[in-house]
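Some notes on the structure that comes next.
Order of writing sets the labels: A, B, C and D. Residues in every chain begin at 1.
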């Protein structure tokens, strides 16, 4: 732990998380190596991010058919710190690490029931115009922080 | 084979398939029992159905944003005749078994490279109004048959 | 409702369900038609089935590496009674409709928060020998019923 | 382009790719925003990586039940350069950017049919002992390069 470039101080980084979304590893999410397939944490990250945005009152407007903007993932990364197995309960923590006028840097941390970190990650979301695909100002900066 | 209620004569049933879509089993589609997870053949069926509808010129209009109707699955079933493993190449055959004014009964057959049947299935697709969700006449009856 | 061949009396059929597993529709489980993709209820069915088997004390032994048998889906079907949308909470009910010496007929019912049925389904699970793939007697008949 | 820290010189980086695996975007891989869901490129990356490893003769031994080691993803990241839509054909290029004694840094590039880059990414794979989960020397260093 600590080698991830997006984590300066692991203790401080961990403490800044408050919101989490719990998931239980589904049978269909395992692979023939007997553990959680490496593509699935990104599904967990997305669902936790959506719940985080909902808790900030941001997701609702993007889901309305008349919304002119949608949030998209610009980049996404995950460090698989520990192997995860079928039926494990994982808490996926989410926080806004930094928020700009048109994008936000969202961080993720997965914890096993014993409190050990099994996943860390981050990714940029950008608000774009639905029709043109262009970046759009104002991602709801204040709401993402508090 | 033969116990499936939707197959009267397995020889005739098999011979009526012409269109197929090839898939290769992905690593992420296996599960911890070491074989293809049972939820994945429905993904294959959908993709093969979409390609079948495209080959009939039907999918294109449903994909246009201004289309007032969309096709939805009303029911779907699969018989897992043989276990399927990572990296196997499976041909997913599709045919329109019967076509009504507002729905079609689509049949599926999966074959391994040695020609043995590993999957059989069927399902009804219905054309509905995008806004109201109601059934809509005219699924392109003639085009599905020839 | 009622056209499904595996349901004789919908009122009685519905009343016989007791066990359920709750799911919330994930963003990644929707498709470009704006609703739950038709392949996903089978993922819900599997997860609910696994939880049902766990509640009966059956899943645990099958997951042990030294287990000589595994349960596999022999067939599976779903009726999509109502369209389901992002973020909906669905209760997936599971019951053993009938249990033989080597297989069990498992039934499924999905209910929206307003109590309406949105999914019905069924499928056979068979206990097979892990090495040979052959059917194996004794699926835990009594435990599945009560 | 160019802001990704794992790409020094985009022209040189692009030219070093030779192996690719073609995928076609499945209907079930889209989401309600009408484009490829952001979790799916990691599925493409895995499948392309597996095919790359197969082409180097490395995957086969890891898949044998008696293999004492398996390759796992230690980290993974993706930059979503362009939105991707249903039915698009994407070539997923793979190369070994660097290979150590127990791990390899694998890079990915997705190209649309018009040759534009729509995805870039990278990730470390590590060979670990199947039983203990510990890192294991010798990932087949020479084979990954040529």
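Basically, a contact is a pair of C-beta atoms (placed from the backbone, for glycine too) under 8 Å apart; a residue touches a chain by one contact, two chains touch by 3 or more.
This structure is a prediction, so every number in the text was calculated from the model and none was measured.
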Equivalent interface to B-D, taken from A-B, B-C or A-C so that over half of the residue contact pairs match: A-C
Pair exhibiting more inter-chain C-beta contacts, A-C or A-D: A-D
Geometric centre distance via CA averages, subunit D-subunit A, whole Å: 21
Subunit C-subunit D separation of Cα centroids, rounded to whole Å: 34
For subunit A paired with subunit C, centre-to-centre distance based on mean C-alpha positions, whole Å: 30
Residue numbers of subunit C (touch at least two other chains): 27-28, 32, 35, 37, 39, 43, 46, 63, 86
Subunit D partner contacts - residues on subunit C that touch it in the complex: 27-28, 30-32, 34-35, 37, 39, 86
Residues of subunit B that touch subunit D when the two form their complex: 26-28, 43, 46-47, 50, 54, 63, 86-87
Subunit B residues touching subunit C - in the complex, by the definition given at the top: 4-5, 32-33, 35, 37-39, 42-43, 46, 63, 70, 72-80, 83, 130, 133
